[in-house]
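Structures incoming, each one as structure tokens.
Next come two complexes built around subunit A: one with subunit B, the other with subunit C.
Let's turn to the complex of A and B:
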């Protein structure tokens, strides 16, 4: 007897499986990710609930949550997950799918920050903090937040005036050009 | 030869995918087949009668049954054939279920394959010889390995049936983990009160030979006829003289150097010690690692105070051999520790819970000792760091269990229940205390088990929070437990005075080594494996070796006791007859051909190949050849495949039979 469903329709859950090489059904909803998440208190949904929405097929709810944008990718959840489920990777995939589907990002500045960061990588092959600050401030007009940290960061050598490029940064640029999703709202 | 073919539908199991009527019709045309029928349930009584009747009516002398796997019903059909007066080894099974209907969709293709498999079996049965089972005598003595509650129960059951038992325990006392427990769920009766009388019963039983502080070194032989070598480790105390007065322990100047194993490292003990006051036997043992005499020869206080001259520093390990018929393995479990450096490299520690560096973050057995009237605090709730009464305790379930990232994906089964018990015991003594339990699921299947958990919640006010804890850290003398209530979707932070981790039950670290010594299989976690998970749950795949208790899988006291009694019953079944029947399908050496290269001896997994010397009539040595010990040979055929001169055949599976089968398929 064949037990395979031959009329399977591709779902967002399948896309996530492909992007992350891990099945969202691996998550058994213990909540340890949410328990340890440093940004949990700012999120509208607990991280494990976002996974639950995907498991249940409630994709709209998952893609429209602010949680996926607040996730900073710190990997605390991934490193503590009893099922070895890489939740940070999962969140990345959900964000990617949200962008592809043209879903409105809850906090626009977060996307601007992501983009500003990626532009540093594209242009220099690595992060250049000063360039990141400049780029983000210029695109978001969020000019004054966190400014008080800059003197200490400058003194600690965390903000370099000049970028430090990697060898073969042209090749990195070409990777970006080939893979970039052109239309993001 | 007159062969009958009988095709079974197995209800719908085979019939749904295989056209059984077409198979039986096709088989009717095979050479030597004189009779061929199909029937819905060939294994049923009427089905077997069809076979028996055909044998009688048509004088059949060969039978092929097309049915399920021979693992399932070969015995059934061979017995039916034997009842009708034909040698049972002239019956062959064609597996039409596991090999055909369960793995194919297309009826035409499946039916063609079924016909091929029947032809294959017909060709084999044509070349089968009538065989006789091998008879071997049985030694009616049982070896029980492990003196915890499972081993005690098994030993008492076998001994009370009148058979001799040798009980081997590696620790200085029997009793196992159960002797450490405070009260037991779901009735809250005192663990020691129900266990210690049984320990004494073992000690005094005329049929039980108790060997504590001993380990099984070697097992030779086979079912009914094992020869077991046991190492009796040197106690450095003469057990024939010692009365257990305890003077030596009191006078021992070393009091603080060794941590008490019985109290789970919460207290210390002297260098000469009994694990606990109710130990059986009540004979101390010297810990030579910490004893001053064994370090520099200076102190011999115990020897001086001993009125019976029982201290025996020069005592050496002793080797004993025992003739044994059945072995019951009951070596129990260990608790997983959250430490940074676990012994097994596959297992990881819990950095997020502090790798065991917080004194008041303890495990379930340590809590048992604190809650126990015989424990370090005499049953009062005092936390290990400063002896203060904890006013807020957090219990965390599934620590290690169901945690693949730490190396275990299984459920330890007992933690839901003992955590409810812990929280309940705490609330009974500390009325103004708060108890929180973090859980993922509550698994309380068992008689009065779920009622017990509900009682903890409804009557004793234990707060259950559904979610796994992410982190524990110390802040201002409190242990901050960070969790999430996944039912409410809110983060939870509790500032606890003490945290109790329900850590996983794991196999004994030496379990795989023991399994290799006695020759039984074990799984990736080190638990011993049964032959059949449903129908033969207490037998190992090695004949005459049975399993009891938590060495097989995590289980609680009632389950362990039930399994131990079952294993004892299996041993007694073995002792029910004086001679054992063994399958005659074993290897046979053609001594004329054998060149004596002994490749077979090297590859035999059962040590069944022996060296035999051949002499001529005048008594002159001619050559050495291989000889198969029919008691040990399991008929696996490895020697048969290895032999370069093709001088070993497997009876019942000769090369001629195999080639004929292959030819039938071509």
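Let's turn to the complex of A and C:
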């Protein structure tokens, strides 16, 4: 990055560069990412607009967008970008920074699902669907969706009653403790 | 042939039939899978959307375990696990400083990360002619739409297949004797991990995929990812209740299709655990037919 000011203050854009090993300034706003984004119709801002907000220093707008949570990480944009800018990775970094800053997430249940999923991994080392569903339903209060699918899956042996705990469970827990993103005070 | 195996969490739960069908067909094809001892979750979508380091560390632990257990090659049948492991490998190899940091976090050294195969690359290695040789059932009435989803060939350069117009899965499917159709949505996203929190999105996106396949003459969908499978199979019930004129289509894992060609039954392959029930237009025992 070219900074003419020698007393450069660290910005969110610098944090994104660090997390992703790529500079958001790379993007020249052609819009090819947004044109091919399968989730665009459900987003509030087009993906390239979120990049533009970061480039212009309008961080609040980027961090508060629903777009960053709706991005499914399908990598269509990252594969097509003429500048080889990995937009999916950029979105990961913006979400991480939003979490660090305690930003109120617009599509709350999406984050609640991810958190419930990660709690299974942190506790057992592998995903445990029964625990995940219970955890998600308790935290999202979305109690009745998909209940009709559970009996068949139980009968087919696809929902394990008990979790499998890996031998290195403590190591997994320690990985989480060292890397989980926590809200800055 | 022997190869390291990273099953992934779904293979022990919602995608049990993917694991079961793979193990059954590999007995016939004489391939030994050695499971990575004490493997853990790759972090999946939920890790990389919340913490870059967590995602990298969770995948790296498994790569380090495989290396420590002497594996030179590992096979990850779940497209999502494959993608996490392969992307992490690239990142660890290209960024030394990041590698050192991750080594400290996971308390393991990483030197020679094994080669990572997705299910299509894996069958290329096994040899598609082996499938043709041992074929017992005639699948020529099957018109398959090969669905790659997002994570099998993206990002561009993750493997040798083209990230816009891949055709490697079709090559394997043709080796089973089934036909393949040309269609437009082989790489469109099904909504993936939004399945539970935003079922509405997954229903919309999956319907577009299933409609396009059927419009192009497909009578079966072939997938390589437990997430894609549950969205395309289980969510057809939601699609049907929203659109009454919608016609259902069976969704098979690539391993299940190969198993049918090798003469295994739907029950042996776990196909009876799918949500969409169906009869396939296939005839058993090619051999008997030829000799008759």
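Assume the second predicted complex is superposed on the first by the 144 of 185 C-alpha atoms of A that agree within 3 Å, B and C clash if a C-alpha of one lies under 4 Å from a C-alpha of the other, contacts with A are read in each partner's own complex, and residues count from 1 in each chain.
Going forward, a contact is a pair of C-beta atoms (placed from the backbone, for glycine too) under 8 Å apart; a residue touches a chain by one contact, two chains touch by 3 or more.
Just so it is clear, the structure is predicted and the values come from calculations on it, not from any experiment.
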item: Partner chain(s) touched by A:156 [first = subunit B, second = subunit C, both, neither]; value: second
item: First (subunit B), second (subunit C), both or neither touched by A:48; value: first
item: Which of subunit B and subunit C A:14 touches, first, second, both or neither; value: neither
item: Subunit B versus subunit C as contact partner of A:60, first or second or both or neither; value: neither
item: First, second, both or neither for A:31, with subunit B first and subunit C second; value: first
item: Partner chain in contact with A:136 - subunit B first, subunit C second, else both or neither; value: second
item: Dominant contact partner of subunit A by residue count, subunit C or subunit B; value: C
item: Shared contact residues on subunit A - subunit B and subunit C; value: 76, 80
item: Sites on subunit B touched by subunit A in the complex; value: 16-17, 105, 352, 398, 402-406, 440, 466-471, 482-486, 489, 491-492
item: Residue numbers on subunit A that touch subunit C, as the complex places them; value: 19-21, 38-39, 42, 70, 72-76, 78-80, 86, 88-89, 91-93, 95-96, 99, 107, 109-115, 117-118, 121, 125-129, 133, 136, 140, 142, 145-146, 149, 152-153, 156-160, 164, 166-168, 171-172, 174-176, 178-181
item: Sites on subunit A touched by subunit B in the complex; value: 1-2, 28-37, 40-41, 45-46, 48-49, 76, 80-84
item: Of all residues in subunit C, those that touch subunit A in their complex; value: 9-10, 12-16, 38-41, 43-55, 57-58, 61, 95, 98, 105-107, 150-151, 154-156, 163-164, 187-189, 191-194, 196-199, 201, 205, 234, 237, 273, 275
